[in-house]
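One chain, subunit A, links the two complexes that follow: it is found with subunit B in the first and with subunit C in the second.
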Partner chain A sequence: MKRRFDIYAMTWRLPIIFWQFLFFVGPLLFMVAISFFVVKNYRMTEAFEFVNWQKMFSKGYFWDSYWYTIFIAALSSTVAMILAFPASFALAFRASDNLRRWAIFLLIIPFFTSYLVRTFSWYVILAESGVLNAMLGYIGLGPFKMLNTHFGTVVGYLTLTLPLVVILQTVTMANVDKTLIEAARNLGCKPLATIWRVILPLSKTGFIVAALFCFILSFGDFVAPFYLGGSQEPTLPILILDTTKSGQQWPRAAVVAIMMMVTLFTIAFAAIALAYRKGGAK
Partner chain B sequence: MSEPLVTFRNVKKHFDDFVAVRDMDLDIYPGEFLAIMGSSGCGKTTTLRMLAGLETPTAGQIHIGGELMNNVKPHERDTPLVWQSLALFPFLSARENVEFGLKMRGVAPAERTRRALEWLNRMEIGEFAERNITTLSGGQKQRVALARSLVMEPKMLLLDEPLSALDANLVIRMQAVLTRLQKELGITFVYVTHSQSEAFAMADRVVIMSQGEIAQVGSPKDIYRAPANRFVAEFVGRNNILTGTQVSQDGNGIVVETPSGTFIASAPETARSDGSEVTFVVSADLVSLSVEEPQDRNRVLCTLISEEFVGSMVTLFLESSDGHEFKVQMQERDLIELDLHSGSQIWLSWAVENAHVLDGE
Partner chain C sequence: MTDKKKKAGTQLLRRDVLRLVGGVALSAPFVGRAWASTTEINMLAWYGHGEPDMVGAFEEANNVKFVPKYYAGGDNMLALIAQSPPGTYDIILSDGEFVQQLNAAGYIEELNADDYPFDDMLHEDFTKFPGHWDGDTLYSMILRGGHLGVSYNTTAISAEEATSYDAFWKPEVKGKVGHFDWHLPSLGMMSLKNGNGASLWDIDDAQWQAVQDTTMSLREQVGGFFDYGGTFNGLKNGEMLAMCGIGDWITGVLERDGAPVASAIPKEGGIQFTESYCIGKGSEKADIVNKFIQYMLSPEGQVKSAQMLAYPGFCVTKAGRAMLQEVDPAEAQRSHQLDGMANEPIALINEGRIHYRDIPQQQSLEDWNDFWSEYKNA
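Then we have the complex of A and B:
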């Protein structure tokens, strides 16, 4: 059939297309353009030079920050996936349908409040004289330095991602065909072994998507590394802020931002490809 | 017969308030093809799941090979099951599916691959060994599921309505595959089904279950020709069932008075007293038709209501003067000679030895 230009349909499509171009594609192209601008006497001037790219790529602190951000986001995603698993497993396989519905509803509640506020509440808990150290003090441990450390950063990331990961894992595992677990047991598979022989392979897509979300949210987060991690080791979002502040280097900040996007694109693409890959020949 | 391989003694299974299986006593013998048949919710699948250890009996004992199995975990048993949904692992190839059980038993990789391929070849699907399960057809998946269970070389194979997802032609072919396999391997098959044709075509013995209880156990022929009670008579299809009162009995037969007439069935004398309520049964394929009034003592004049054709067989539905529905099954070519049409009057008759009398209404 020949495709006709449908005015009625276009009337509905145009606003969103317009919106996306104006506020997403436009700024993105502008950011790419800015990365070739130069800063002279603390003022940004139009140009087309590779000096910002060369400068950033040759700086040790950029690469340190780059690999640190990837590392800490990956670490936090791994921790989130592991911490969430027992809870998700219980909700998916042990809880009644009703309890599972309630649990998922309750897990959404953290998103009602600002992430920034929730992060600040960790101050009270993690501080040198905070709740956690006081409790550890009673059993003769500590005090431990938890604020302004990698630990603080990871705690912050988990605040953001853990409820989401539990939801995604639960929903994924609740859809696992219970007959397949019984079939594995019937063929001599021990109860615990069914987790990695059957449940995890069947949950692969959902788990990779959960881990990917976790990584993306952590990788781009500014709040946790800034307030709980104390910018000790600056992550890329902090580096962007620092770069714009020091000497109005918007073009170099644009380089960092583009590098972040390229990295996330690559990782997301690889993860999705992996998530939907099938075993055996077609 | 030899020692039973499996014994059920007073086995009960409750799910909260629901009684799935009550007071079951059953022996299953080595090398037999046993079908457990019944409508949904009769407890047949629960019985099979108890054999596999997927359900624990609420009371009673199940022994397999002389060992008490009540609390033996599923993975510690040698009771592979072929599932209704097949339950093949979609993330594994056909060969890896077949290898799964061997892997769990710790068989070395080279050995388990060899055995898996051997079984896939035996099931005539060797060429699909490396294919993803999701790309196989229904019949091919069926064969993978069978291979996956049989590669374990069990003494007993459990099958839970494995053919219910296949189309009719394939069902007939798979029935042949199953019966041949069972004879070749000489192992016990316990086959759960709601389909009478599957059970009767394949099984040596059939167990008919109703509401958690065994209604009858016997060879397909016994059950078909001599139903033990009214439930079985109704369940096994084309029977004419009449409710009546026993008038008299002697060594040669039992006379029963029904609203449609007084009939006689040859049966040994029973303890039942005259005047008790009984059910009179005669199979639809053992009733003959005639235009002239027949000499048989069992005869009734009926009006033809409708006909139903299945292949070369035809089932006639007729009505006696009191409004009771009679069924007659016959070859289509025999029907043509009678030249019947809807509303025709015709005599039904049957021999005394082809009728049965059962207790109760």
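Then we have the complex of A and C:
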């Protein structure tokens, strides 16, 4: 049957399409365009040259930053997923509905405050003369250098992503059919095996989405690696800043930004494909 | 209280409220007119120059309001101007070495040299500062200066050790040497360490390679690359025990707060940053901006500059320095602005131990910046 053009439905659909074109597709196309521009006397000039792409791709520091950013974002995602799991598990299966609601509300509260402020508060905790080292000092440990390290960067990323990961994992596991878990237990499946063979496969989609969100947020974050990681090593967002700050090479910064987007799109599509892949019976 | 009194009280309150509302309504046009007459001056400057401690008194006396836009680094400043329509910025505070580029690009207006106290300068160099003049035409007025050298925590590095850039390589500060994240001052210091002296910016390929090698050899000592706030924090909380690329403009502020930090000009030489005011091309407020520049060159303005909360700078006029010594002898002493003191700014220039910050002469800024990115990633 031929579908009729529905004016009413289109009225509701058009604004979001228009919005996406205006504020996402448009700027994206512009960013691609300026990656071919050149800078003369600190001013961008319209051109169609590949010099920025050649320049960035030929620089070792670009690739160093690229692989480091992927590594540190992946590390942060892995740590977030592992750290979040026990809390999410308890909230999903052990906590009452009321407690779970309160917990999720409390997990949302950090998002009410500025991420930059939350990041700066870590200075007091992670400094060599800070709270954490003082506590470790009481048991004869430390002081440890935590600021301006990879550890500092990961702590910053977790500040941004951990509450979100806990929420996503909790909601996912809370929706797992409890009768399947009980069936597994009744049939003699041990607790850890139940988690591994029943809960995790049933939560696969939500878990992959949680990890993906964590990766995306970490990959594009500037604040944590700059303020807690001391820019060592620079991530791609820091490289964008460096590129624009000195010499005002916005076209080269656009190359870095496009590479970031291509990477994120590729990883996101792969993750979504994995999340919704139907596993066959063995 | 009786009902009648209560009612009277209520009526009085109501009357008061009506009176207040009426008063506000009637005076609103005058308030609006008063606001409208305040002239806004758009300022492009390093952080702190548009804050109340610097411009508050002038604003009050002249019914103007400064609207600052802050930048970090001369090329950042050039880009902000390049990307704005003419007349966007009424007053531009530029690093001395970037004035000639501002002028070459036509971003600044001519100044009248007779408006400024050139006969009162502390050093002859300040009267004909490189790039500030084009022939006999003045384009920028020098305001203040400061020195970059070895900045250090006094509990980790002694004053004697700080007399050489070798202090940055001291094993005890491994992982605790920070960089102000701008290639120009740090690489300039490495050039000085290599013995390039007065020609630190004018180096050939071999010397440039040597500067890169020296810089790379420092990498394992480095604990981070910081912006303005991060540099402050790093030194203040002891995370960084030495800092490359800065000087008294940062440690001076911390010193005032009692932090155990100091800056020294090493034997290999130090770098002087110089800040100058220019009037933006196409500004419609050139007259009041000119008056502000005159004010900042007056003894009062020079004292404000020396005491600036964000970062101190030394006076360039004799009258300014004299007034500083009179009204704030402690700051004059702390910043070595007393005649005969060690590291007295003018004596350092005369002794040839201080070199004005400049841009690379034989390489491009891009070359230096590329290397800086490589260095950060190493």
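Basically, the second predicted complex is superposed on the first by the 259 of 282 C-alpha atoms of A that agree within 3 Å, B and C clash if a C-alpha of one lies under 4 Å from a C-alpha of the other, contacts with A are read in each partner's own complex, and residues count from 1 in each chain.
Definition applied: contacts are C-beta pairs under 8 Å (C-beta built on N, C-alpha and C of every residue); 3 or more make two chains touch, one makes a residue touch a chain.
Computed from a predicted model, the values in this text were never measured in an experiment.
Colleague: Report for A:201: first if it touches subunit B alone, second if subunit C alone, otherwise both or neither.
Modeller: Once the two structures are laid over each other on A, A:201 reaches subunit B alone.
Colleague: So in the superposed three-chain picture, is A:43 touching just subunit B, just subunit C, both, or none of them (first/second/both/neither)?
Modeller: second
Colleague: More residues of subunit A in touch with subunit C or with subunit B?
Modeller: Of subunit B and subunit C, C contacts more residues of subunit A.
Colleague: Kindly classify A:145 by the partners it touches after superposition: subunit B alone (first), subunit C alone (second), both, or neither?
Modeller: Touch partner of A:145: subunit C, not subunit B.
Colleague: In the overlaid three-chain picture, which partner chain does A:129 touch, first (subunit B) or second (subunit C), both, or neither?
Modeller: second
Colleague: If we count contacts the way the header does, which residues on subunit A are in touch with subunit B in the complex?
Modeller: 177, 179-180, 182-191, 193, 197-198, 201-202, 204, 278-282
Colleague: Where on subunit A does subunit C make contact in their complex?
Modeller: For subunit A paired with subunit C, touching residues are 41-44, 59-61, 64-65, 68, 123, 127-130, 145, 147-148, 226-227, 229-234, 239, 242-249.
Colleague: Touching subunit A in the complex: which residues of subunit B?
Modeller: 52, 54, 73-75, 79-81, 83, 85, 87, 89-94, 96, 100-101, 104-105, 130-135, 148, 152
Colleague: Using the touch rule from the top, collect the residues of subunit C that touch subunit A in their complex.
Modeller: Counting only subunit C, the residues touching subunit A are 72-73, 75-76, 78-79, 82-83, 105, 175, 178, 181-183, 222-227, 230, 233-234, 237-239, 365-366, 369-370, 372-374, 376-377.
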